[in-house]
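Letters A, B and C mark the chains as written, and numbering starts fresh at 1 in each.
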Amino acid sequence: MSAFYKNVIGAREGLAGLLVLAALVFVVFPLFLDVFRLNLVGKYLTYAFVAVGLVMCWGYGGILSLGQGVFFGLGGYCMAMFLKLEASTPEATAIQSTPGIPDFMDWNQVTALPWFWEPFRSLPLALLATVLVPALLALVLGAAMFKRRVGEVYFAIVTQAVALILSVLIIGQQGYTGGVNGITDLKTMLGWDIRSDGARLVLYYVNGALLFACILFGRFLLASKLGKLLIAMRDKEERVRFSGYDVANFKVFVFCVAAVFAAIGGAMFTLQVGFMSPSFVGIVPSIEMVIFAAVGGRLSLLGAVYGALIVNFGKSYFSETFPELWLFLMGGLFIAVVMAFPNGLAGIYKDYVRPRLARAAAGKGKAKRAAPAGEPA
Amino acid sequence: MKVAPEVKVQEFALYVEGLTVSFNGFVAVDGLNLYVNKGETRVVIGPNGAGKTTVLDLICGRTKATAGSIRFNDVELTRMSEHEIVRAGVGRKFQTPSIYETLSVRENLEVSFPRGRTVFGALAFRITPDVVERVEQVAGEIFLADMLDQPAELLSHGQKQWLEIGMLLMQSPELMMLDEPVAGMSVSEREKTAELLNRIGRDRSMIVIEHDMEFVKHIAHKVTVLHQGKVLAEGSMDHVQNDPRVIEVYLGH
Amino acid sequence: MESFSDLGAILLMQGFNGLSVFSVLLLMALGLALIFGQMGVINMAHGEFLAIGAYTTYLMSTVVQAHAPGFMPYYFLFAVVAAFAVAFAVGWLVEWLMIRHLYRRPLDTLLATWGLSLIIQQALRSVFGPREVSPELPEWLMGSWQPLDGVDIPINGLFVMALSFVMTGGLLLALFRSTWGLHVRATVQNRLMSGAVGIDTRRVDRVTFALGCGIAGMGGAAFTTIGATGPTSGSLYIVDTFLTVVFGGAASLFGTVASAFLIAQTQSVSEFFMTGSMAKVLTLSAIVVILMLRPQGLFSIKTRK
């Protein structure tokens, strides 16, 4: 139990952080927000999955992936395909020239369901695909790149290329994928209407729970020897290699984990928002997902969630009130985070806020705790 | 002066034969032959650019040879990848101390423990009492027993060198290769390092590159002088220091 | 006999089309090859410098039209020079303000320059509006050349090609024959030594970066002859441009030329057989796969470790 407490929860400080976020996500937001706004927060929290994954592969592993939208999208599309097939029963689509297939296929003169859609009739298979397809892609990409010792810069560029390729492919093959509009009009999951208020509430909580599961898994990973190795590889990759470790395998692993997290986020997005489109797959959304992690603090799993929430709140607010200002702000954010605040909000908290809190607590006579050598992320 | 240990059967631990590597036409190592006994401490010296570091790079796999063979314990190293060579029992220390600055001394040593080297092994790795014991034992050997919980970046240059040696010791390598281990160390630190190397050299073969001749005298069983990628002279320290070719190469040009 | 010459005409025009795409890609990639290849700096805002050059041309066109309409037939070449100058100046400023603090951090440079690209895009949008604009092109750039019956070669395409060849030649000459070029190559190969022998490496960096941006600006001016410009025009091809440079072997300008040629031809030929988007997917995928097999690109300079 104590190892779990120390490694996964992160001891007292980690517990406090987790509790604060849990209170915010599970209590405060549902209490003060109506279902519509709560759904919006749920949407932002799906982006947090990607950000949390990036903390692990970028912050700790040093692997900057500018194509996480690919995995987010793949997870989302897998879920969307299942939901779309469910909504495209022969009865529901009786007016189409070919009933029983999704509407956009009918508009594009597709007359039979493509073979790769067939497995998505089954929910278990769809769920499996949500996790396996992105993981497999990450495995192939990662193995090809890291075994060849491709540099971090080239890797970033190639991930951008993959994001571009997938988004162009999806948009170009609109008969099979729904094209630029994506897959829309999703209604029910195994008969349960996901558009109802009740469903949205349930999905919000499921989303939150999954997010916390990912965070705890991430904590477990980072507290293990693997986590220390990631830090070591970021510091002196050669030394790790010459200590008998096949560095590439570790990089591939953490890249796959980040991919799976992103995919879960994508699937939850589809469920909560009711559609998935290529606008989440390409270069621009993928780089935006990086900024969520960067603002929160690339070394902080919890920070990533806050980063995702804050940047997206900012985006909705500014895009409505000062649309011209928003891109300036976001551009400025990228620059500020790189030049002034490399560890984001979590770094600011650690360097400025926490010492003050510790001093205040010490002033009240409580025992001063020195910062532990292994920080909870 | 060190006396070479008695070797009954002429069976070397390391056979380097015909080792050659060239970079864009420049031949850095030229048909090198080197034979190291079990338990021997071989010091490699030579002027800058002689190819000393390159030889270590070739043995540990950091550079790929263009020709030649490196056999260690009957295993051909030239075909293996770096981490495989390490697992075959070869440890390499770099010229500039290569430690994990963001981790503590203890964590540096723990991470170098030769268990849990695969992804899932590393995930499942638990710091059991035997690990703790080994870490503390090695820390004692490298004079860092009371620095275990310090962040490695706070160590002095000499202590960082020792830490890197300690990280290698954790792997229990049969062949240890050290590139200028006392560079930047004070006189007392050098003495301690000589004592350390003699201690750990008892149980393994060692190749050491060094420039400090006093230090070399204290640790070397045998000395090899390299020049322009080839062996210029070989033998005891006295023999080598009095060799006219060696003198010319160091003082001549 | 008829169909044979028809086929010939089509092949010629298709070949020209391939060359045209090649020169466009080359123009975009040249400046980037200089900055990324020689300096190792990832400038995600490279496309925006292209846009700056294009908008400068447009601005000049509007101003000349309004105040000195008689000058219209001659303004274009001045506009090209102006595009270079403006982009060069902005690049100079950007290097001084931002890039020089990030030299040893390529991933951070990537993110910071992405932020810069957003800022420049929005600035262009705020000043010029979100819709695409085009400068008034002089007469001599319009129309087409007909060397043979049935073969129509657009003149603006020829202009772009000519400009890209001139610029490549000029850059190669500068890099290998001028003092500046010598300083750049020295700084890239051994910064410490270069500084020690008195080369002002900071200044070399700044000039090189600004030059890369200036070249992009000129490219932007050239683009106005073949398409309209909007605030996001620069970002459309940034990934292609990076891939071109990386594929050719980042350190080799000659590699960039070869890479642009191969990629352009592959894209053009594929478009013959499939839709535009599938051709793009195919070309990009091929590049990615080849890069995975040979990460150093087509032409790599082997260095001693």
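Methods note: a residue touches a chain if its C-beta (ideal position, glycine included) is under 8 Å from a C-beta of that chain, and two chains touch if they have at least 3 such contacts.
Only a predicted model underlies this, so the values are computations on that prediction, with no experimental measurement involved.
S.K.: Mind having a look at which chain is the central one, using mean CA positions?
M.R.: Central chain is A.
S.K.: Among all other chains, pick the one whose mean CA position is farthest from the mean CA position of chain B.
M.R.: It is C whose centre lies farthest from that of chain B.
S.K.: Taking each chain's centre as the mean position of its Cα atoms, how many Å separate chain A from chain C?
M.R.: It comes to 34 Å between the two C-alpha centres.
S.K.: If you average the Cα atoms of chain A and of chain B to get two centres, how far apart are those centres in Å?
M.R.: 44
S.K.: Centroid from C-alpha atoms only, then distance chain B to chain C, rounded to Å. What do you get?
M.R.: 49
S.K.: Can you pull out the residues of chain B that are in contact with at least two other chains?
M.R.: Each of 62 in chain B touches at least two other chains.
S.K.: For the complex, which residues does chain B have touching chain A?
M.R.: Chain B residues touching chain A: 60, 62, 81-83, 86-87, 91-92, 94, 98-104, 107, 110-112, 114, 116-119, 122-126, 149, 151, 164, 167, 171.
S.K.: Which residues of chain C touch chain A in their complex?
M.R.: 40, 42, 98, 101-102, 105-112, 114-119, 121-123, 125-126, 239, 242-243, 246, 275-278, 280-281, 284-285, 287-288, 291-293, 295
S.K.: Mind listing the chain A positions that touch chain C in their complex?
M.R.: Those in contact with chain C are residues 64, 66, 141, 144-145, 148-154, 156-158, 160-162, 164-165, 168-169, 171-173, 283, 287, 290-291, 294, 324, 327-328, 330-335, 337-339, 342.
S.K.: Looking at the complex, which residues from chain A come into contact with chain B?
M.R.: That would be residues 3, 221, 224-226, 228-229, 231-232, 235-236, 238-247, 249-250, 253, 373-374 of chain A.
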